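Each of the two complexes below includes subunit A, the first together with subunit B, the second together with subunit C.
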Partner chain A sequence: MATRVKDVQTNVEDLVTAREARAPSRQPLAVPIDQPVTFPLELPESEARLRTPAVGQRATRPDGRLHGLGQTQYIDDITFPHMLHAKILRSEYAHARIVSIDTSEAEKMPGVIATLTGAEVPENSFGPTYQDQPILAYPIARHRGDGVAAVAATTEQFALDALEKIRVEYEPLPAVFDPLEALEDDSPKVHGGDTNIYTSKVIKKGDVEAGLAASDHVFERRFSTQMVEHVPLEPHATIASWDGNGRVSIWSSLGRITLGREDLARTLQMPQSRIRLIGTVVGGNFGGKNEITNEPIVALLSRKSRRPVKAIYSRGDEFVSSTIRHPFIMDYTTGVDNEGRILARKIRLVLDGGAYCSWTGTTIGKGSILAPGPYNIDNVLVEAYAVYTNKTTTGAMRGFGAPQVCFAYESQMDDMADALGIDPLEIRLRNGFSENSLSPTGQSLQSVALKESLTQAADRFRWKEWQA
Partner chain B sequence: MKKRGRGMACMWYPIGFTVAANPSAATVKVNTDGTATLLTGTVETGQGALTVLAQIAAETLGLATDDVHVVSGDTDVTPMDTGAIASRTTYVTGNAIVRAAEKARDILFEAAAPLLNVKPEQLEVRDRRIQVLGFPARSVAIDKVVHHSETVLGNPAIGSASYNPPTVDMDPETGQGKPFNTYVYATQIADVEVDDETGEVEILKIVAVHDCGTPINPMLVEGQIQGGISMGVGFALQEEILFEEGRQINPNLTNYIMPTSLDMPDIEVGLVDNYDPTGPFGAKGAGEPTAVPTAACIMNAIYDAVGVRITALPATAERVLTAINEKRAAEQADAA
Partner chain C sequence: MLVELTVNGESRSANVPPETTLLKMLREYLGLTGAKLGCDVGDCGTCTVIVDGVSVNSCLMLAGRADGCDVTTIEGLATADELHPLQQKFEEHGALQCGFCGPGMLISAKNLLDTNPEPSVFEVRDALAGNLCRCTGYTKIIEAVIEAGEMMNQEQATV
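The block that comes next holds the complex of A and B.
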């Protein structure tokens, strides 16, 4: 065994040496370092993987072993002969009409094989709920992360250099950045029409006004949350390659390939049977890789250039052009009796939806349903609105609105506990769901373990000792 | 001066899509040596889902986790799957795998029944053998049965199935309906220290107790909880994309501050003993909910420490200090 461990260490050192040798400061990038990686084949299997019954075992992961040995192939590790690298030019304005795009100078740059603009995308729209988002913006750019043109070149640097030669003429349009301003009648409209509200949700149970009127105490507060990024270690990455039968293979960091292929068939206007979509090992998703992004761009550049094309987002691309978490503005009004029992809860949510819908439908749905918290409340009213703004598109992110509303409903629970002199644990146990409780949508809940989680957490934390 | 505070938050979270169909399909093939191959259209995104899915297939076939090889994420090869989203993989894809593996297992029961001189309904799988219910002494190794079924009877042990959580649509006026088939629950409690001169918050410890139904792999659930808490800590205290006229001004990891391992508190994880009869072997899910209550319990702990209610995230040192100063000014005004 000892020798095997040593082998692994040596290999790691070799890898580090190879990495350093590749660093631009040490050697020109053009020198290929093809360091063979050897690995042990006979590391012992973890006991838990060999035991039956399988369920409940602390089984280790085969992919974890490959990560540990540096053998996992992320898209950045995959390469093909004659492969090109694609880069995307982003909008200079948060809201503008694109008057013209001239790629001719870029095409004359060294190493440049193909360019692409939105007008060349067969069906230039996508989105899981509404297809309101362009693959490459044309003729309107609605936020600064919108791609307006793309280049495929023999190296990433050549592609980046060529982006600077693309001439885009814009006609700037009035923009709106604040979701509350976007609600106003005279605000600029991100997608035209007479409102920026693009989806809304109502949850209504009992009579909230009567419940508030009957309450001994009413608590009101506004809470708000910020935009955050998923920041996966691996940014969005894609390779596309066509064969002589007009069939395209796409390697992608996408987390949902079945629907990804549907979206590709729609945007590329070709049959699903001619598209092979391979979901590689993903270096972190957290909701940000649940819809196509650069896949159609890379596929079209590959078709134009007749070469495999790879695109890997920079960290900057990842921030400005992938989706991010919805900021919420949350107005909570809650009525309780003297014992801290919640009689009514009235909630208004405004979601900053960014420039396109993306997964807002799911976020507003889950956010609204979960907003009253895991509590038995007879009188509930939730009204939620998602509004377009000329900012980064908000979409799916771990929790779909739940971390936002949990911050609000749980902060207010402690406000109420404090005002009424009730232990925060006790006010939650007094109001919390149990088996067969009715949710805000009238659903009878099963396998409810809220109070068990509260009491076990309190016991582990020794909560009662701290409160004494 | 550093002030200590403690705060709790609980939450509920659904498994799967809101009303919308979100099916998964799966194919399970048992090889003639008793190992198996699982085909799934989901993708490993780092959470260990493929290992959990292998455990579910193995359990249904009476095999060990290592006996099952998982092929995933290739539209040319794998059946449809709604994907790694909405904390749905263990529950929805897992349920499809149970059903697919049961179909493969039924083929083996048909083949084994005459060998054991009983009816197929009298058989069960355990520890790589097919045995008679209530009389385990009469059994046959699963590889023998697969080989017999495939090469003698001409009936390979392959099963395919799908699952979609049953929901009831929501009334457009009132939202009343059954948008999800099941939910999970959790409580997190934070122990923090707040410096009332700088506003800086240090999280000393978080106790996290989660319900995920039956934990198929407790180690991977613990990993999800630790990862979720790190996202929750960033959401609570540090992370924020800042804009100037629609332009992001901190789109890089120098100015967009995320928690590192040095910012992570001690985490104590507990799992509630629970079983959901609608899930695979009682399991629900554990992906997203781990990140849900973290910010809320930290804000309640800050309130407990220094008496200020943070109403806008993130609770950066500047924001906490401003709130402390406003509270002091208000108290002085009251006293005057």
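The block that comes next holds the complex of A and C.
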């Protein structure tokens, strides 16, 4: 046994040395040399990693058979005895103060068992970063997708009919729809205060002004991208059932149930131990089902009615009320030398955040870090601002801001290649990341196969022939 | 109103309110939840079923209009012993990811192969144009439909 410990001791030292030699940029591992670990610190390089055997292979899914048989159980396929159906009334204005909500006529409608307004929600705010979003807007509605009241009735049709009987008195407020206008001092402020900017990020590397001054050519252009809705084929769906012991079970199409349970505990003001959140098979997420939406509404309607309540978003709800991809306005100023080598890149990003923060923090972070592109640039300045507007809330969507900035920097690479008479592939190879390149935030990059990938792809689709 | 129809070869009936769609009748009155509600306006195709040999968006068809009709849903494709060739090929190709479009997609594909046993890729794309999928990018679905057609033709030839 003693011998083995000694062997391990030697191995640890060797491994640390070997690791440092391979990745000099890394800090040495904090391996407890005096108290050697008994497991190997590094796994041998697996064959799979070297050969990526998945490429070109068919992938089957364990749930593929039930999908094909139509027997996969999504939330809308689940029913309970005496279950009610909930529908949500949306705001009539993009920005308004709600003076009053009268649900009394709706409650007299056939089949209606319960109604709910924002004033009845125990803690009427949620959000993965800032808790700036109401469950049901009250007293301010900040975009047309804000729910203002909800109804639970014995059928969906009864619930829809009852929505028409809810009387909401609004006092319209000035609204702002353009993110650049929202930056101005005299613009309407979506959440009050003196600015609509709710998150910003700055990345500095080198001296961008000096780099631009030293450049042979400077290219400037504004790029913008639009809103994108995820359009999962299964709309957001929830069933809540409150039992006699004061515990609630919630079946939800939510992707992050642990986070969701925290938000539910907060909004419902009850301990997590009394909330059972069941993540079901999801009919498409793409980032749009990463935070709670109607779960607290359905839970509270279930508590009021003492019945299970189901809510399925209509496709219209899905477009106006679920989150969407951030539209970006991107100002790129790039300095290059005569050979097309990038010396400096200055970027301003304005993210149209819509009415609430949602996953903007992640989006602005990833968008900013990736904004200069996969290119070696010594002088970089990225300034990014997320601004509130009275529009649909923007949140998580595949890539978290990466596709938007990619569109901008790659478009500008083409602009520069065209102006300088350099082959678009060549200008990318001249600037592209290679092994140990430093990212704009100073991270030393490993396993970089950018140039190899570009070259191989260009060969495969015969880039040279297309150019000729 | 009483609606009587044949679903997957069985006589079925239900008393439904007159505004009930065929989709709602199938799902909520007959317990056939394979066809899905995706958009409720006839855009996405998740509710596709075959009515008297024509694939229709069952969210747009009133149940009353299907009275006396012969309806095939996804539940009518496989037998107790074997999968339909389309189901088998979809499974092998990994043509379904989240699966929500699957029942509608398969029914549209079945209707195509019923009427056109050797479709071209273009014809497959055309037949599936009313069925949206947000996960797969359609490539595997189209490959699966072509292969299922070939498989069905071979089976036909050996009979």
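One rule holds for everything that comes next: the second predicted complex is superposed on the first by the 409 of 468 C-alpha atoms of A that agree within 3 Å, B and C clash if a C-alpha of one lies under 4 Å from a C-alpha of the other, contacts with A are read in each partner's own complex, and residues count from 1 in each chain.
Rule of thumb we're sticking to: contacts are C-beta pairs under 8 Å (C-beta built on N, C-alpha and C of every residue); 3 or more make two chains touch, one makes a residue touch a chain.
Keep in mind the model is a prediction, meaning the values are calculated, not measured.
Chemist: Under the stated touch criterion, which partner chain does A:H326 make contact with: subunit B (first), subunit C (second), both, or neither?
Modeler: neither
Chemist: Once the shared chain is lined up, is A:Q71 touching subunit B (first), subunit C (second), both, or neither of them?
Modeler: Only subunit C is touched by A:Q71; subunit B is not.
Chemist: When the two structures are overlaid on chain A, which partner does A:V231 contact: first (subunit B), second (subunit C), both, or neither?
Modeler: Both: A:V231 reaches subunit B and subunit C.
Chemist: Where does A:N290 make contact in the superposed view: on subunit B (first), on subunit C (second), on both, or on neither?
Modeler: In the superposition, A:N290 touches subunit B alone.
Chemist: Per the contact definition in the header, classify A:V281: touching subunit B only (first), subunit C only (second), both, or neither.
Modeler: A:V281: touches subunit B and subunit C.
Chemist: For A:T362, using the defined touch cut-off, is the partner it touches subunit B, subunit C, both, or neither? Pick first, second, both or neither.
Modeler: In the superposition, A:T362 touches subunit B alone.
Chemist: Taking the superposition as given, does A:T441 touch the first partner, subunit B, the second, subunit C, both, or neither?
Modeler: First partner only.
Chemist: Output check: A:R90 vs subunit B and subunit C. Expected answer is one of first, second, both, neither. What do you get?
Modeler: neither
Chemist: Of subunit B and subunit C, which one contacts the greater number of residues in subunit A?
Modeler: B
Chemist: Can A:I312 be said to touch subunit B (first), subunit C (second), both, or neither?
Modeler: So A:I312 only meets subunit C here.
Chemist: Of the residues on subunit A, which ones does subunit B touch that subunit C also touches?
Modeler: 58-61, 63-64, 231, 281-286, 315
Chemist: Could you list, by residue number, the parts of subunit A that touch subunit C in their complex?
Modeler: Interface residues on the subunit A side: 58-61, 63-74, 76-77, 79, 157, 230-235, 281-286, 312, 314-315.
Chemist: Touching subunit A in the complex: which residues of subunit C?
Modeler: 17, 19, 27-28, 33-41, 43-44, 46, 73-75, 77-78, 83, 86-87, 90-94, 96-103, 106, 132-135
Chemist: If we count contacts the way the header does, which residues on subunit B are in touch with subunit A in the complex?
Modeler: That would be residues 6-14, 17-19, 41, 43-46, 48, 50-51, 54-56, 58-59, 62-66, 72-76, 80-86, 126-128, 170, 172-180, 182-189, 191, 207-211, 213-220, 228, 231-232, 234-235, 239-241, 243, 245-248, 251-253, 256, 258, 268, 270, 272-278, 281, 284, 287-289, 291-297, 299-300, 303, 309-314 of subunit B.
Chemist: Could you please specify the touching residues of subunit A with respect to subunit B in the complex?
Modeler: 45, 48-64, 94-95, 143-145, 175, 177, 201-205, 221-229, 231, 254-259, 261, 272, 275-287, 289-290, 315-316, 319-320, 324-325, 361-362, 365-366, 368-370, 373-374, 382, 390-392, 396, 398-400, 402-403, 406-407, 409-411, 414-415, 418, 424-425, 428, 432-433, 439-443, 445-450, 452-454, 456-458, 460-461, 463, 466
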